[in-house]
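So that you can tell them apart, the chains are marked A, B, C and D in the order they are listed, and the count of residues begins at 1 in each.
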Amino acid sequence: MSTDPAAPTPPYEITSDVAELGFNQYGKSEIRLVHVERDGARHELTDVNVSSQLRGDFARVHTHGDNAACVATDSQKNTVFSLAREGVGAPEAFATRLADHFTGTYDWVTGGRWEVEQLAWNRIVTENGPHDHAFVRAGKEVRRTVVQRDGDDLFVVSGVTDLTVLKSSGSEFVGFVDDTYRTLADATDRIMATDITAWWSYDPARAREVDFDAVYDSVRQIILSRFAELHSLALQQTLWAMAVTVIETHADITEIRLSCPNNHHVVVDLSPFGQDNPNVVFFAADRPYGKIEASVTRKGVPSEPRAWSTVPAFA
Amino acid sequence: MSTDPAAPTPPYEITSDVAELGFNQYGKSEIRLVHVERDGARHELTDVNVSSQLRGDFARVHTHGDNAACVATDSQKNTVFSLAREGVGAPEAFATRLADHFTGTYDWVTGGRWEVEQLAWNRIVTENGPHDHAFVRAGKEVRRTVVQRDGDDLFVVSGVTDLTVLKSSGSEFVGFVDDTYRTLADATDRIMATDITAWWSYDPARAREVDFDAVYDSVRQIILSRFAELHSLALQQTLWAMAVTVIETHADITEIRLSCPNNHHVVVDLSPFGQDNPNVVFFAADRPYGKIEASVTRKGVPSEPRAWSTVPAFA
Amino acid sequence: MSTDPAAPTPPYEITSDVAELGFNQYGKSEIRLVHVERDGARHELTDVNVSSQLRGDFARVHTHGDNAACVATDSQKNTVFSLAREGVGAPEAFATRLADHFTGTYDWVTGGRWEVEQLAWNRIVTENGPHDHAFVRAGKEVRRTVVQRDGDDLFVVSGVTDLTVLKSSGSEFVGFVDDTYRTLADATDRIMATDITAWWSYDPARAREVDFDAVYDSVRQIILSRFAELHSLALQQTLWAMAVTVIETHADITEIRLSCPNNHHVVVDLSPFGQDNPNVVFFAADRPYGKIEASVTRKGVPSEPRAWSTVPAFA
Amino acid sequence: MSTDPAAPTPPYEITSDVAELGFNQYGKSEIRLVHVERDGARHELTDVNVSSQLRGDFARVHTHGDNAACVATDSQKNTVFSLAREGVGAPEAFATRLADHFTGTYDWVTGGRWEVEQLAWNRIVTENGPHDHAFVRAGKEVRRTVVQRDGDDLFVVSGVTDLTVLKSSGSEFVGFVDDTYRTLADATDRIMATDITAWWSYDPARAREVDFDAVYDSVRQIILSRFAELHSLALQQTLWAMAVTVIETHADITEIRLSCPNNHHVVVDLSPFGQDNPNVVFFAADRPYGKIEASVTRKGVPSEPRAWSTVPAFA
């Protein structure tokens, strides 16, 4: 029993004439799960970070402290591990299995949000070739998905974060507003560097049929190629070019949101030391940084708020 | 000039029959600014982290790389420093000054988003009392605001993040769903610990008149007091209690959103070592953690999407 | 059994004609432990992060994979929790209990290293006064200790990290080397800000008798007071002043090491906007930062390498 | 002038009968520098984080606030950028150039410490092949060096941090001490995962002649190969195997220090859900973690304290 002698007998209601409960969700976040597929000597590794949140009729948990309808966050964690026993697969597919399980098992759970981050590993290559069961972490970027279910509707958004790129030429920034607050000179050849965050939504009608792994690889490659090959007049233009190619290439994608810091690289003034500096030595600044954010949609397809709510695309 | 011999003469258009530009914004993020008010010997210190993002007619920056309408992020940074010369004041008031400045100065800037984080400092106390100009950082929590302007409409949301609290008794969690996936036992007396994130929106009609410092202090105190004094049956109930009191106390607040991890503290099983453990020794776990999120609104006042978009309240 | 069909029967030796095993230690790091003293209604909270590492005759674990002498890191963790059942007390005292336990229990454990970080909490204050069992995290600084045992010798080093301070006046920096590489102007009045790391060693002959809590509070206050009250000509001078006072005040302290970044605050040039800036608006830079490090010892007492090895005082 | 009316005329001495200045160093840390080699269209990118610290006769800066001998940290930063104009090359070589410059330029600078971190980039590959001037960040590991000069003696230590690896089989841990505090079962087939930190010192007589890039690549590959291919009976044994091969392969390396967390992956008990779990589903824990640290030296070559002091190899 509680040490609090004044505690009332639970449950008990906290009422209000002026306040009412709005949107709410709860669950278990950042369940770090590693799955090893061991068919024979050659193992396949899947390393994910899973978050599960349920939505539905949970008002009495809040207002009364009555947990009769509460599927404990610990139970949600157990479920994630249990479902992973049969394999994980694409993050989007695993999140969808979780969505279907929870909404199908508890009739007062009418929806929810399942997020999966996937960390990439490469096989270690030795003189004997790629190893069967030894791996080294690949890259710093993270593949991500947010899957949301609202009644029978399923919304899948996929993304990549921390995809860090830099081009040492092929980028200009000239002709911007020249007023009292401008002190920056035109730059006809500058370093452009950013950590790309991209999220894209799928046509809900197709959200159970997409080959998510293939689309992920393609979108990532489009982003890298457009970044590399476009002679850029503004980071905004680069984002637009990336997004246009993604929308044109993938009919299943309805919208893409890009959020990119402008990681400034400043040409160091070496003239006090009697040296020139023709774009050779740069100072890589931390803060502040520019931030460019844009959504590009498929013509005729309005952005779907239920797909994008709680997706950390812009902030 | 660019080193890229194939670069076309700027600006040039990237067109698409199927893609179109949606929501977009850009600016300078995390401008770390310290303001010293030095009227006489006793200094006042304001330490803020300011982000500015503009919205309006910036389509040609994206589609053509035409920067004629682009107020450079560097110029936005300059403006932030320049406006701080006259003082910073409450974060909400400073963000509003920025909003008014940018929308008032550039007629194609129809709105934007200004975020301010404020770090707290206490005076160092020596044997001579509180010092005039020496300070020590106070706490780990951060006071925050997101101010958005859409045409003539102003939306102010205030918040606090990383307000870490723990109660070592006065918290239960019993009677939740008991099915296959439940392995957690009822707990009639447990540690409850969380890092509180709270954001609250103000009545737009009052957003230029509120005493933001006073409301911040009051909301923070309400949150702490309710956390401490409510005998809690669920973290959801604690959030509801905090929110109800905030809404009931502050007529200017229309909605509050709370997002709280459940920082699990597990009673360690000491029986293998011949010891009991009556809630004395706990293991503080990192991941996974529970996550409880809820919005509480004022009855009759619908949630305002333009106030809450891009506020990192839930995720 | 292992899936590796070629695995030899353990243990097996890996020999070398040219390599030999040097210093080694192993253990469990960052055991997050919360202790609640619940004598009556008023609880006392101790929140620590404990790391244990053993030294001794562990050569065969390395060379043969023979674990017969290996006290598993998991067992070390169990021991930490078990010993905490009787209370934690000062971090230095708890680390010493661990040191004595491990070296006293396993005769081939001839020494080791025990580190404890302590996080501070304040009672939440409500209208009913300080609460019996509800707490809010205090400050961002961390109290730390590294206790090492080498045979029968015990070495205690205590510290504080992330003690962030700033003074908005009372700091100069003038008259430094003026050569080709100097571009910085003299500053007769500047902001001085730093995140103090301080570590101090105790006289081994007194290491079981010190009132560590009292000394910690005193050293912390000396550091803050000297920072505040010394009109500083260089951050080096401020460090020297802090250290001298600590050594002069505490006879049990043999040496103190201070490592302090110089968190640069740059006066923003507002002249392009027609404004002056008499030390009012500053840009707080991230990187690079100055770094000032110094050891101050008690005259006649040489620095003890066994106390300071593996203490992260300078880096 | 300072606002402090009581400030004495600088410099002024702070004396002590009982305290004396010991080891000290100062400089500029984390100078983020990007160098672009642009011989023709194909650019070469070098991305480093440089820290410079000087040692020598700086006592009066501390005791008197007399900066006459002080080479400002800002001037050290300028020097780093200036020397980079002629190219960076291997981190060890650049740090050595800095060491020689500072000790050669200021006769009271008798030594110092120069640390360089290098971030890796790959060329972006498009349908047109590897790009001339567009890059994507490679991996999360960081190549590092600490070069110290003490009078005419030069000490070079190289390292790698955050090299994250995992093997899903080929690792056992059995037969460890079985006493009261043991609760862990033997594991004949477990996941072994770690973030490798390795530092190795070079023979000072050869420290200006080594092909540092080649040795780095070789040591990294040895570490990965030994991790992958050794059937491991203990993480200690794996470290020993890595180190032995490094010492045997590279005659210029005198000592290697390895510090490796044991990133525990726990087989999840799925039996409550009616499932088996033959090493398929794992929980990846954060804290606590094991930590295994060992130095392996070349026989007959004692460890050199001046090479290893201030190298963050063990902590």
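We take it that a contact is a pair of C-beta atoms (placed from the backbone, for glycine too) under 8 Å apart; a residue touches a chain by one contact, two chains touch by 3 or more.
Treat the numbers as computed from the prediction; the structure is a model and nothing was measured.
*Asks:* As a test of understanding: of all chains, whose mean C-alpha position lies farthest from that of chain A?
*Replies:* Between chain A and every other chain, the largest centroid distance is to C.
*Asks:* Could you label the chain A-chain D interface same or different, taking same to mean over half of its residue numbers are used by both chains?
*Replies:* Here the answer is same, because the shared fraction of interface numbers exceeds one half.
*Asks:* Using CA atom averages as chain centres, what separation in Å is found between chain A and chain B?
*Replies:* 20
*Asks:* Please report how many Å separate the Cα centroid of chain B from that of chain C, as a whole number.
*Replies:* 31
*Asks:* For chain A and chain C, let me know how many angstrom lie between their CA-based centres, rounded off.
*Replies:* Inter-chain centre distance comes to 36 Å.
*Asks:* Going by the touch rule set out above, which residues of chain B reach two or more other chains?
*Replies:* 3, 31-32, 38, 78, 82, 133, 169-170, 181, 183, 272-273, 286-287
*Asks:* In their shared complex, at which residues does chain C touch chain D?
*Replies:* Per the touch definition, chain C meets chain D at residues 1-4, 6-8, 10-12, 14, 16-32, 51, 53, 58, 61-79, 82, 106, 169-177, 179, 181-184, 188-189, 231-234, 236-237, 239-241, 243-244, 247-248, 255, 261-262, 287-299, 303, 310, 312, 314-315.
*Asks:* Can you list the residues on chain C that touch chain A in the complex?
*Replies:* 3, 38, 41, 133, 180-181, 183, 272-274, 286-287
*Asks:* So in the complex, which bits of chain A are touching chain D?
*Replies:* It comes out as residues 31-38, 43, 45, 47, 78, 81-82, 84-85, 121, 124-128, 131, 133-140, 163-170, 191, 224-225, 227-229, 265, 268, 270, 272-273, 275, 277, 279-286.
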